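Two complexes come next, and they have one chain in common, chain A, joined by chain B in the first and chain C in the second.
Here is the complex of A and B:
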C-alpha cells in the first residue's frame, strides 16, 4: 500500500493505492493521525486505487471520521471502487461516510 | 480438491494467505464474486489470530489454513494454537448506528457472518479450529433446445 498526501487549499487529500489489511492499516492510521494532530481535519481520501480493504481499513476510517467531525471537519471518500464499496455497505459505513465519485467533487463538497 | 498452508501468525503473512485463497479458488473454479467473499472472510479470521491469538507473544505461534472444495461447498478451516475465542460470543456492531455511537471493534466477525453461510468453531487440546463454509450455487443443468 502507498499513501500520497497533498494539500488542496484547506483540504488535505490522502490518496491510497493498494490493499488495506491488518498489516498495512497501521500505516494508514498513522497517516490519518498525523494529519489530524497537525490540525488538518478536512480530509478527502482518494480510494480510486484501493483494490481491497478488510475491517482493519474500516477501523481506520471510523476512527478518523470521529476525530475529524469532533473538531468540526470531516473525512470524505472519493472514487470508491466496487469491491471496497461492498465492504462499506456490508458494514453500514455508507450511512456514516460521505462518498463522492471523484476527488474534485469531494474537495468541492466542503464549505469554503 | 484440498490445499493447505501453514505460516507464522504475523501481519505480513495476511497477504500470503489471501493469495493462497485466490489461487485455491481459481483452481477449484469458484466464481470471482464468491472467491472475494471467501478471501475477505479468511483474512478477517486470520487477522484475529494475528492480533489476538497469541497476545502477549505476538507472532510466535502458527496459523494454518486448509481449503477444501467439492461440488456443493467451499470450506476453509483456520487453525491456531493460541487463546481460544468462540465467535458466537463476539458482540455484533450496530450497523445502523450513527457515527458518534458506532464502536470501532466487532466489524471483523460481523463481516465474516455476512460473507459465509456457516461458521463453526471448536477448541480443544489440539488448538482452535474455525471453519467457514460457503455453499456453492447449483450448476444449472444444460437443456437441449428444440
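Here is the complex of A and C:
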C-alpha cells in the first residue's frame, strides 16, 4: 500500500493505493493519526486506487472518522471503486461515511 | 479440503444465506483446495448450510454440485400443504399454529435423507456449525452435534414456505432470520481469519400476491440485519474477515439450479481475487 499526502488549503488529502487490510491497516492508521495529532482533522481520503478493504481496513476508517469528528472535522472518501463500495455497503459504512465521486467534490464539500 | 495448519491462524469459512447462489461456495472450495489452504471450521446458514455440510463431510466439488442439483429442484414446492393453507382461512376448524408452512415438506426431507443419510456432525472431517433460529425467542441456535439432516432442515425452514422444524425441544426457522451471515459463530469458536460468503435476499420485481408481499418484507428485514450484523462483526473481530462477494450478471432465482455451473464459476472468480492477500495473511505469500 502506498500513501501520499497533500494539503489543499485546510483540507488534507490522503491518497491510498493498494489494499487496506490486516497487513497494511496499521500503516494507514498511523498516517491518519499523525494528521489528526497535527490538527489536520478535515481529511479527504482518495480511494481511486484502493483495490480492496477488509475488516482491518474498516476498523481503521472507523477510528479515524470518530477521531476527526470528535475534533470538529471529518473523514470523507472520494472515488471509491466498485469492489470497495460493495464492502462498505455490506457493512453499513455508507450510512455513516460521506462518499464523493472525486477528490474535487469531497474537498468542496467542507465548509470554507 | 484439508484441515487447517495447527500452528497457523485458525481459518473459518462462513457460508450465509442465498439459496442457489450459495453454490458459489463450491467455487471458493476449488480455489482453497488448489492453493492448499486448509480450513479449521465451517459455518453455514440457510442455503449455505447445505454447502457447509457437503464440504465438511468431504464431498468433492463435482459430487457436491451433482447432489445439489438432485436435491434442490422446483418440485420441492410443487405440493401444497393444504391443511396449512386451509388453516389460514378457517383457523377455528383447522387450527392455525406455529407449524404453518404452505408447502408439503415431505419431499425436501426425503431428499435431504437421500443426500446426507444418517450422517452426524461427528462424521464431519472439518468441525461444522449450522445455524437456525428459535421461532419463539428469535435467538440464533447453533447445531454442532446430532443428525446433519435435522440441522439443515431447520436451517432452511424458509418462512411461509416450509414449516418450522422441531429439534432439541425448540421450534426452529431459517437461520437467516437471526443472522444471514453467521460470522459471529466463527468468532466465538476462536477463528482468526474468517473467509465469508453470503448474499442479500432479492427484492421482488412485482408485488402481485400476498406471498410476494411477505417475501418483500422479509428481504427488507433480513438485508438490513445482514448489514448491521456484518458491521458489528467487522468491528468486533480481533483479526480478519474477508468477504468473498461474487457478482452475477444474471438474476438467480430460487430454483435456478441450471445456473449452478455459472454460479460456481463466479464464486471461483471472486475467491481468486482474494488469494494473494489470503496467502500473505497465512504467511505463505
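Rule of thumb we're sticking to: the second predicted complex is superposed on the first by the 112 of 112 C-alpha atoms of A that agree within 3 Å, B and C clash if a C-alpha of one lies under 4 Å from a C-alpha of the other, contacts with A are read in each partner's own complex, and residues count from 1 in each chain.
Here is the rule we use: a contact is a pair of C-beta atoms (placed from the backbone, for glycine too) under 8 Å apart; a residue touches a chain by one contact, two chains touch by 3 or more.
Bear in mind the structure is a predicted one, so any value in this text is a computation, not a measurement.
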Side-by-side fit of chain B and chain C on chain A, or clash
clash
Output check: A:65 vs chain B and chain C. Expected answer is one of first, second, both, neither. What do you get?
first
Looking at A:22 after the superposition, I want to know if it touches chain B, chain C, both of them or none. Which is it: first, second, both, neither?
both
Tell me the contact category for A:87 with respect to chain B and chain C: first, second, both or neither.
both
With both complexes superposed on chain A, which partner does A:54 reach: first (chain B), second (chain C), both or neither?
both
Quick one: is A:101 in contact with chain B, with chain C, with both, or with neither? Answer first, second, both or neither.
neither
Using the superposition on A, tell me which residues of chain A are in contact with chain B and, in the other complex, with chain C.
19, 21-23, 52, 54-56, 58-59, 62, 83, 87, 90-92
In their complex, what parts of chain A are in touch with chain C?
19, 21-23, 52, 54-56, 58-59, 62, 83, 86-87, 89-93
Touching residues of chain A toward chain B in the complex: what are they?
19, 21-23, 26, 52, 54-56, 58-59, 62-63, 65-66, 69, 83, 87, 90-92, 95-96
Residues of chain B defined as touching chain A within the complex
11-12, 14-15, 18, 36, 40, 43-44, 47, 50-51, 93-100, 102, 104-105, 107-108, 110-111, 114-115
Which residues, counting only chain C, touch chain A once they are in their complex?
226-228, 230-231, 233-235, 237, 239-243, 245, 273-274, 277, 280-281
